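Naming follows writing order (A, B, C and D), and every chain is counted from residue 1.
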Amino acid sequence: MATQTSGPALEEGATGGLTLDDRVALLKYMLLMRGIEQRAMTLYRQGKVPGSFYDGFGQEAVSVGAAFAMAPEDRLCILHRDLGAHLIRGVTPARIFGQYMGRAGGVTGGRDGNVHFGDWRVGCVGMVSMLPDMMLVATGMAMAFKLQGRAHAEGRGGSGRCAITWFGDGSTSRGDFHEAMNWAGVQKLPIVFVLENNQYAYSTPLHAQFAVDPVERAAAYGFPGLTVDGNDAEAMFAATWEARERAVAGGGPTLIEAVTMRMHGHAAHDDMKYVPKSQLEEWRAKDPIERQEARLRELGVDVEAVHEEVKREIEAGVQEALQMPMPDPATATDGLFAEHANELQDGQAPYSGWRSRP
Amino acid sequence: MATQTSGPALEEGATGGLTLDDRVALLKYMLLMRGIEQRAMTLYRQGKVPGSFYDGFGQEAVSVGAAFAMAPEDRLCILHRDLGAHLIRGVTPARIFGQYMGRAGGVTGGRDGNVHFGDWRVGCVGMVSMLPDMMLVATGMAMAFKLQGRAHAEGRGGSGRCAITWFGDGSTSRGDFHEAMNWAGVQKLPIVFVLENNQYAYSTPLHAQFAVDPVERAAAYGFPGLTVDGNDAEAMFAATWEARERAVAGGGPTLIEAVTMRMHGHAAHDDMKYVPKSQLEEWRAKDPIERQEARLRELGVDVEAVHEEVKREIEAGVQEALQMPMPDPATATDGLFAEHANELQDGQAPYSGWRSRP
Amino acid sequence: MSVMTYLQAISDGLRQEMRADERVFLMGEDIGVFGGAFKVTDGFIEEFGSGRVMDTPLAESGIIGTAVGASVVGMRPVCEMQFADFISCGFDQLVNVAGKTRYRMGLAVPITVRLPSGGGFSGGPFHSQNPEAWFMHAPGLKVVAPSTAEDAKGLLIGAIRDPNPVLYFEHKHLYRRIKGEVADGTFTTPFTARVAREGEDLCVMAYGAMVHTALEATEDLDGASVRVLDLRSLVPLDEAAILDSVQRCSKVVIVDEANATCAAGAQVAALIAEKGFEDLDGPVVRVATPDVPIPFSPPLEQAVLPSVDRVREACRELLEY
Amino acid sequence: MSVMTYLQAISDGLRQEMRADERVFLMGEDIGVFGGAFKVTDGFIEEFGSGRVMDTPLAESGIIGTAVGASVVGMRPVCEMQFADFISCGFDQLVNVAGKTRYRMGLAVPITVRLPSGGGFSGGPFHSQNPEAWFMHAPGLKVVAPSTAEDAKGLLIGAIRDPNPVLYFEHKHLYRRIKGEVADGTFTTPFTARVAREGEDLCVMAYGAMVHTALEATEDLDGASVRVLDLRSLVPLDEAAILDSVQRCSKVVIVDEANATCAAGAQVAALIAEKGFEDLDGPVVRVATPDVPIPFSPPLEQAVLPSVDRVREACRELLEY
């Protein structure tokens, strides 16, 4: 049986603990994610976002909590409901809005759309649509860390490297899920797999994807699987932080099942008729942002100030993005092939724990 | 934990029990398989078998025991170490020798070689090389049985249909293994999966394929997995028969791990240097044919007479095959597309239990 | 006869054939309760039930592989890829199992795979591809690609009835843009080319959405009489019709929405260069998408996809040759 | 300089580059302890250890996908497919992840995939394929295919050093049949065509094993002067060298061992028909394997693979044109 964790907040001050600033940061990134996606939806309705639009409304704690646990030198493959992870790594709202609108200044300069991006300058490989291909890419990064002798904490002044990737409940049905899980298990790689169980894959409910919760598979691949409240950013942080610790200590992979709910349609056009009203209501009560706000209010934090700050950042981002030109059609066939190799770079890692490292 | 069965012989007379004739038949098919493969190896050395040559020496009980449990109306995807299953379905030694030698009268008329065959007239789809693609094909058959209302025993005068397929330990690493197991589990299909664990995938030992024995995965797909002595034909029969019974009763799939040993190289050219001598010796003592012979001798069966009969059949088969012409080069591009659809037909099913059915 | 969109014609073809043949059933992601990402199977689960309109796990190899298995025991599966792009994930089962079994074993594999393909609406690199040429280079698979509502229905029913694996490319950008008269009930369209417009000065050859681009580009071309050949079927390729058009027109422009290298158009051009050489009066001109992924942003996407203007320009130049 | 077989040259290229660049490591099934199905990496695990000569699980998608991941964090993976045929199982990772990441994200994916390809020895439908054209139709992948020992080494090192995904097709039937002088140490061969024999009456264009078939077929062709162009690289395709040969010879025969439709040769023919038309004096003739799986039995296999005789016949006919 997989372990169930209810995810108590960690003690402040302890390694892996959260300071008050950290806890506020978790809220801030969730608010940023939600705010950006909501604002983008407006832009979409105004016809400023081409193609279709996907968001992660209701799932903010999953990407924010997990990515918050990752070090600057860690590497990430971020999926389509995980905008928070990009924000934590340091991708600015303006570049994200530019991305959505297909502008030259967007993360991919208009080559790819909506959430199909990733900034290699902050340690991320942009996802492909084919789910969950990125699980193998992340597994390969972890494999390389081991080959390079940079996987383990002993390796380089305490800074072991870890890979992390997210994927959905539906994505667990595809072969690449298996090849990645098995590979990581056989080679005992430093990687964290975050299974984002948001109850649906497009319209398909869980029971049509699997007979048994896939968190139970982890043991059969030789590593731990645990179920975490995916609407609790601090629980997500704690579980990921522990998994990362084990990984860089040579303990191998962890599968974290983040139980959450996709509160919006699969994409902008989806009216979600297939979701029972009661299910939505039940989950609305568990909103991850409200949960974090309640915590912080109790600790005396001025939550409204955080809201204001986030609002300003978003509006500034939108304005900046709206100034970005569309890409030049004359560049449409440039850069298919690289002249020189580049390599993923370290990203931002706002967690206080990384600043106190030796 | 997966169930371990030591595979006691079943009671005679009981449903699913083996008569003395059945037990002799098990020996006979194993002898036929071994004899044909040995004779083919001689033909190979004489340059009469083009390409390369694979055999199932030491693994005869796996295909013979399992296939013996299948009904005429069942459907099979047989793999490359499982010649016994073809024999049980009624493919003659002559057509098999013809197949190996690329003759017009071989099962595929020279289009494909060695064990890459399957006779649709006896309910089999010939394997492709890509392992384990056939697991999905077999799963699709089982899915169709259910759609057609012919899956379950209640369905049509007690004759529910079941699919069966074999695959190796190495093949469990590929995505198609997962997609098939998951699909069969979700849809609770009438299918028996036989994992032929012969300790190696080509030169690769088990620990490089998986961290945990894949029989443990069955539970995570929602159905039973059991480990069977793959060198005991009667144990294989018993486990498969029970799995088939459950399948046609609507109980869903079963994963049977047949533990055995590949006693020859991967193919004719492979000297198996990577296999420790002691491992071979240990397994030589567990030879499946000797085991069945000992049983039958104890019951007073004239085992040598069976040998003689088999020898004659094989020699007759070789002679017949040697008379077959090579295919006509003018036909090389014929038949890429079908003019009419055909459909797998019932095959031979020598088990006495099928004769006593209503 | 009824007037239908291209999309409605596909739905109608499926529905009619399911009514006519109980062996036909549908498999795909979100095709049942949701009615499909493009709503092609909207309402089907109500009429035919969840057994015949099956919401599968997210697993394309699984979809193709199990369809093959079902087809050889008497069923007629029609698989939907949510987007044609995802066929890459079922590629192996398609080219190796579905494509080669008949030749190797004499066992027919009557499956149909529906592939919503093509760009033009900011779908980006993974929702805009036209991968048909991969399968033209994989023996044993038939490949069709309708451009009109009528052919959409007739080719689909023809694909389902064909005893071989047939890849049916339905162009997403035609779904709601194209309308036409479509016969009621069931009928099949042969896997041959169709003359979309008669003409004798030059012939534009295309299939799928590009047929419309070709028609528009050459509607009024300085008075030239331009023939448009809708290939309609890529495997088998209607070589006789192609060579006949070369003979009639002597000048040929081939349009592909797919990436240029080794595209269907390359095969057509190679065929003409070998078997129609003597009839040629000018180079065999190609208009295709350059070899890059299809970019998302409209100015970039428009820069790479063959436009009416590019096709017109190519025809003009060739006419002047 | 040493005389080496084609296979030894591949091994030597790998070994030298692994010595020269510690980021290079190998992944594949049975390549370590066993030294590879064809013994290309025989003895490597002793020299480089099991970390750099990695026996992977039986999982081609896994091999390509993890190689991509390793490559973007500073490694230079070289993947071996046990047979080129099995690339179908890693197809998606290759065309969608490896091929499109640089264009979409500006992130280079420096991986090499070695693909032992080709028939001629009764390998049957799944151990004889020449799937290179699939990848020519997948933007973002480079494709090379040496025909000589020297190029085998130089193209392999070039592939490893290239900052892009490169598919390296090594023809199994050349492994031990072809020998030649090969420079010691490390060197790279440019991804361009090579004139295998000068000539002016006709040019045969080919790559891989078919270069030898072409040379043999035209060695003594009734005194005709026959040029043989070894394409060597399929992506990028050396269009200048191809068009230059057309200009010099005016007659062209293109040989593919791959199935004819949409093969590399179709692209070359299409290129010539468009850009070399004015230089042509006769149809662009193709010799290729017909569109069927490669059969196992020798008389059938020989009937479909392009033979010296078929190439000679095609050249004779064209010379008489």
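By definition in this document, contacts are C-beta pairs under 8 Å (C-beta built on N, C-alpha and C of every residue); 3 or more make two chains touch, one makes a residue touch a chain.
This one's a predicted model, so the numbers in the text were calculated from it and none came from an experiment.
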Most distant chain from chain B by Cα centroid: A
Chain A and chain B, separation of their C-alpha mean positions in angstrom: 46
Centroid spacing, where centroids are CA-atom means, of chain C and chain D in whole angstrom: 30
Distance from chain C to chain A - Cα centre to Cα centre, in angstrom: 37
Centroid spacing, where centroids are CA-atom means, of chain A and chain D in whole angstrom: 40
Residue numbers of chain B (touch at least two other chains): 108, 111-112, 116, 128-130, 173-176, 179, 182, 186, 208-210, 336
Touching two or more other chains - residue numbers and ranges from chain C: 56-57, 59, 61-62, 85, 88-89, 92, 96, 100, 103-104, 125-126, 139-140, 291-293
Graph class of chain-chain contacts, one of line, ring, star, complete, other: complete
Partner chain C, residues of chain A touching it in the complex: 50-51, 102-103, 108-114, 116, 128-131, 170-171, 173-175, 201-204, 208-210, 274, 326-333, 336
Residue ranges of chain C in contact with chain B within the complex: 25, 51-52, 56-57, 59, 61-62, 64-75, 77, 92-93, 96-97, 100-108, 110, 139-140, 142, 163-164
Chain C residues within the chain A interface of the complex: 29-30, 33-34, 37, 55-62, 82-83, 85-86, 88-89, 121-127, 290-293, 295-300, 302-304
Chain B partner contacts - residues on chain A that touch it in the complex: 173-179, 182, 185-186, 188, 207-212, 214, 216-217, 219-223
Complex contacts: residues of chain B adjacent to chain C: 75, 108, 111-112, 116-118, 120, 125-126, 128-130, 133-148, 163, 175-176, 179-180, 182-183, 186, 335-344
